[in-house]
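The same chain A turns up in both complexes below, where it pairs with chain B and then with chain C.
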Partner chain A sequence: MALVKLKEFCIPDKPEQVDACVAKYGENALILAGGSFIHGLEARGLLSEVEALVDIRKLGFAGVTAAAGGLHIGAMTTFAQLEQLPELGSAPWLGALKDALTYPPMQIKNAATVGGCLAAACPFFDIPTALLALDCKLSTNKAGAKREMNLADLFSGLFENSLEPGELIIEAKLAKPAGRAASAFIKLEGTANDLAIVNAAAYIALDGSGQCQEARITLGGGVGDNVVRSSSAEQVLLGQKLTEELLQRAADAVGQDIQPMADHRASAAYRLAMAKVFTKRALSLALSRLN
Partner chain B sequence: MKQLIALEVNGDMHEIAVEADATLLSVLRDNLGLIGTKRGCDSGGCGCCTVHIDGKAMYSCMMYALSAQGRKITTIEGLGSAEKLDPVQDAFVKEGAVQCGYCTCGMIMTAKQLLHDNPHPVEEAIRHGIAGNLCRCTGYHKIVEAIKTAAGN
Partner chain C sequence: MTNLNVVGKSVLRQDAYEKVVGGKGFPVNISLPGMLHGKMLRSPYPHARILSIDTSRAEKLPGVKAVMTPKDVPQIIFNPIFFMPADSMAIHRDMLILSDTVRFAGQPVAAVAATTVAIAEQALSLIDVEYEELPAVFDPEDAMKEGAPEIHAGVKNNIRATPSFGAGDVEQGFKEADYVFEGTYETQRVHTCYMEPRVCVSDTDSSGHVTIYSSIAHLFGLRERLAYALGLPVSKVTAIQAPYTGGSFGSKLDLAYIEALSALLSAKTKKPVRLEHTRYEDFICNARHPMKVYLKTGVKKDGTITARYASTLCDTSAYSAHGPEVIMVHAYFGLMLGYRAPHTKWEGTVVYTNNMPGGAFRGYGAPQAAFAVESQIDEICEKLGFDPIEFRLKNTPRQGDPHPFNPEWKLGGYALDQCLTKGAERMGWSNRAKAGSASGTKKRGIGMAAHPIWVSGCVGFPDIYEHSGAIIRLNVDGTAYLSSATMDIGSGQNTTLCQIAAEELGLKFESVRMAPGNTDNLPFDAPTHASRVTYSSGNAVKVAAADAKKNLLEVAAIVMEANAADLEVRDGMITVKGAPAKAMSVADVVKRAESPFMVVGAQGPTPTTLKEKGTIMGISSVAPPANASPAVAEFVEVEVDTETGQVKVLRAVYAHDLGRVVNPAAAQGQVEGGLQQGIGYALMEQMLFDPETGACLTSDFLDYKMPTAVEMPSKIECIFIESNEPTGPYGAKSLSEACLIVPAPAIANAIYNAIGVRFHSLPITPEKILAALGKL
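And now, the complex of A and B:
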């Protein structure tokens, strides 16, 4: 037991109770969703200052609404619930999210929530890489004050997010593209139950003449403090007809935007090499979904 | 700081005084004596603590006991009895899918959900489905065979 200073375990059923708990404990109140990241932090002795856990399961913001304009994913939606969404099987633009959801083990899919996965600001997770490629927007709420932000603005450092104490992610929103668009995600992992050595997602949209109108390429897994968007790779594709040769050139450009790290999983050089390989594969897979 | 909580485990209600940061795993094993659920890594890496929460397989080492209030918890003890094994337990015995046995209870709880969601899985789906459970002994082959047998494949 590593929550040595824990004084209160709150299970609010109204948002105001979250506010009350946060007002009392400030930064030492920790929001608890599925708990799958928090337990990892606790096991490493990183939660020794936490005085209150605030379990938000009863607040209700789970479930996905699919509208003509796109998807609204409640922050407490689990990966397993998200995986059930019929649109994931049929819409090529959501391919990256569908792919990313195949990796976590069953037990994690049943527990882990979309909000927790994003708020963790962990660059080794997969779903954030996929959602960043889909240009995800967030709605947050703190004591009744609502805020909208781009997912990229949530990440403010390694395991650091830009939320204020007590500010909750309520929804992750994906806008449906107007034209022909597809995305894909792929992960390199050491074992079937491990964090990414590298992961990559690609989103591409074509205009009426088949040229690349929009591209978003994102990478995670120890290539930066947060999930990285590679604008250098995207620039290679914009306004061009997408050939395999061009996709390779774009993939080779990711090296300009990432800072691969070395750890027990892989060396920096291996991560750099694999970042290119996996970006190319994600791009090719996305392109194949457009044909 | 101990707190009194009520947990529904295998259909029985238990009132227990627990530390607020106690995991469900520790309460099952150390307070309720349900030691079929094993403690391996205690941090989401091995799967031998897998139980069902409202019918879904989860790592009990990654859930606070207080968060499990109001939910239906099923452990391996709730599946079958020595006299009447659950079909998945029976298949693990028949196929010899157990060596040291440390992973077995978690593996069976995972297999139960796998077969519930997909009653006739192909081998790849079985291997993918048990990816969150480690076995250091069997090499997985007999475990996969046992799940096929339980599925009637």
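And now, the complex of A and C:
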């Protein structure tokens, strides 16, 4: 039994109407973007308290502007639209996003939005792992009040975000790195139509002498309540020349920052081992993009 | 066989376009005026007694038209399998439509019919059931222990059956062996994952006559079993044939709760009632039986097998259903018949547990067996240095040998040797490296498995139906209607049967159409199972077509003033042999036969003869003369990632002697589908349950992983060998199930070749591989 209490399906075409609907139903109003995550919640009977769905697809916020300083991705941009962005093919620093976008099935790419995949705060998705490695910033809007936040601050628990009722993600922003930078993402999945058992993204930037001046390593897929950033692994790399051996040491260090879970899809031990393997592979792939 | 016009061609399926644009013929689309919607309330407990059920709150909900509890249904104990007589002595009856005792988590305990699905669902939450929980047992070995919960009253240690058989003196056989190999091989519970859910609509009239539409694989089985469970004579049930159904793979070969409940709810409400499974309900409806096989083989230095012993433990689950039958097919056609040995013995144990029901699944017990047999042969060859192809050639039968199941039959067309040698050649078997010798983190390996003896239907099996019927009627436009109770479950059965009819009649393929019927107007047919349709239904269709053709030519002979024996039909034209100018179309002959007695022509009304009058038809109802064995060998190449344990199947070469390829594209489809299910069985598919509550954890496709197109090898090569089976229509025998029997052991053997590690249980998950490599 799914949406048993549903009373209203709002399709606002102006942001103010969102506020009206949310004001009426409070916590029991649910924002609907592509619906691909919500559909799964519905199928599992997890939306029994929802009274109103607020479909935000007519509000705009779709499309990407490539500013000199980086990318501004509208929250309603679908994965399929994002995949068309020419920059993804040419900029090594966006490698992680490009890689992550190859995984979702076509039907999902056509429906899923960037805002939805972040707001879902689901650790098993791929795009958030990639965007966190790219140091993504968010703009939000609630009743005309705008807010800026780091993506990391959006995640406040398993399937929980820090948005207030009616607060919408409007934009995800990626700043272009100054120096030589590259990133990569890899996912471990049971089949091509699976959520991540483990995924890992790596972003590295080198200084003029070839030493690592910036590193971000992020992991998802049952290694924590949200996407995890591994500062221990990053510390191993900073200020160093990136050899295969060093990359391996960094990968081995992720164990200090993650809390792998056990379920019927994988044991904690397997997730831990794979977190290391996939971090190493993501690092090697990112490094290869710098050469 | 030369001069075949339609058989052997990849004709376009008649239902292809219909299906692509939505497939309105699927039973899931049946809707009748005034139809109500049913839902079942299911037990959260795996083992419980129902103390009371209070339906008063549910009954008051507006829109609810009927609620059923155990006291409202006939308490007739039945076995749900369609293909054995309902009162057969060979099966156990232990199920009720609704029972006071729950034996698996999810067993229905009550049902509702309401005006909408949503109201029916809501009504379920208003039914108050008081349960007395009973201790449950899920492991078949635990279930046999003293003191285990008693699942069915009076069944000691939950052991349902202990069949056995043998020949010679197996102890003596092992004494004669130079080497003895033994091992235990375990397989898991997997689901068929058909696309169309189980769904039915029943319409019970005021006289109590039930008309039912259902997504099943056996029309007459549904009629017989439903009538039995409801306590009705079979003539009070009419099962309507759907033009096609969305897959079965064996899962739609038994009565589901929905069919009996919809008939009863319809009787109570006097409205048609529809019930449709959710995917969760489909998952817990039935599944392949998990088995544990102990296998021991004695071998001489020269590679001759002297003795084979095996024992099998089969978890038949909460109900007997297929268990006692599947273990016999498993033992004979899976374990013992394929490889010769003078001394053999097999012992089986079928055990009740509180798990979800077991069912039929493509291969019916043989995939479990082949994993044991074909893995162990690989172990023997590895240890003793035999070439696996040579070893198999040495110990298997040849064309012309007596059939190992019934020596009164011969292996008429039989080319296992060619399957082995041609498959090996295509795969590049001679280049296979030594096991575990690959370097790098990603290691490749090649493996193979064979299945020497399998079935084309069930002739010779105790208490399993095996006859088919067909009706062919010719139309005045020169086309023919074929009717048969065979169910097309998506593999193209209708197309194949129309090809056979067209070939025999001398019509173009496009001129023959399958016309669906029902159990009131069709002759009996055994189910779409046991790889039987082409061989057995095909045989019946050919006989009916020959009958129709004989009648056609008799009329043609009168009209054409020729001798019937001198006439032939091709592409819808009847000609006199040797005098091709003298021709008449089939359409004109049929028109004449169907014409009024006096035909008005240019010369006014002229009488025709009575002899030529009447619809030209042919009918049959026959069993095939034997049970021809196909032969099969599959070769696969895999790549194992030794850092992650992931296995990729890179390439498959499948060699199969199917007697005659009736439709090459459909045949290739069978091989690809079998490989897909086989890869799932080998590497990932597994139904999992909460160890405390018995609740199914893998009841949707996020949690139950089956291979997608991406996991399939890009190269799947088929070698079809046409041995021209003398007892089959146009030389054809079977294909389907064997395609799924061999992939799992072939993949397991290829993994061994890649990394030098042998796995004795399925699925071979990345985690198992990594653990075996000592990396976890």
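Everything below uses one rule, namely that the second predicted complex is superposed on the first by the 290 of 291 C-alpha atoms of A that agree within 3 Å, B and C clash if a C-alpha of one lies under 4 Å from a C-alpha of the other, contacts with A are read in each partner's own complex, and residues count from 1 in each chain.
As a working rule, a contact is a pair of C-beta atoms (placed from the backbone, for glycine too) under 8 Å apart; a residue touches a chain by one contact, two chains touch by 3 or more.
No experiment lies behind these values; they were computed from the predicted model shown.
Go through the superposed model and pick first if A:Ala192 touches only chain B, second if only chain C, both, or neither.
both
Where does A:Val277 make contact in the superposed view: on chain B (first), on chain C (second), on both, or on neither?
Touch status of A:Val277: second partner only.
Looking only at contacts as defined up top, I'd like to know whether chain B or chain C touches more of chain A.
B
Could you tell me if A:Ala266 is touching chain B, chain C, both of them or neither one (first, second, both, neither)?
After superposition on chain A, A:Ala266 lies in contact with chain C alone.
With the two complexes superposed on chain A, say which partner A:Ala43 touches: chain B (first), chain C (second), both, or neither.
In the superposition, A:Ala43 touches chain B and chain C alike.
Mind working out whether A:Glu244 is in touch with chain B, chain C, both or neither, as first, second, both or neither?
After superposing on A, A:Glu244 lies clear of both chain B and chain C.
Report, in rising order, the residues of chain A that make contact with chain B in one complex and with chain C in the other.
1, 40, 43, 192-193
Report the residues of chain A in contact with chain C in the complex, numbered from low to high.
1, 4, 40, 43, 188, 190-195, 264-267, 269-270, 273-274, 277
Contact residues on chain A for chain B in the complex?
Per the stated touch rule, the residues are 1-3, 6-9, 11, 32, 34-36, 39-40, 42-43, 53, 55, 57, 80, 102, 105-108, 110-111, 192-193.
Contact residues on chain B for chain A in the complex?
Those in contact with chain A are residues 1, 3, 19-23, 42-45, 47, 50, 53, 56-59, 61-64, 66-67, 69, 110, 113-114, 128-129, 131-134.
Which part of chain C faces chain A closely enough to touch in the complex?
118, 121-122, 125, 643-644, 646, 684, 688, 697-698, 700-703, 705-711, 766-767, 770, 775-776
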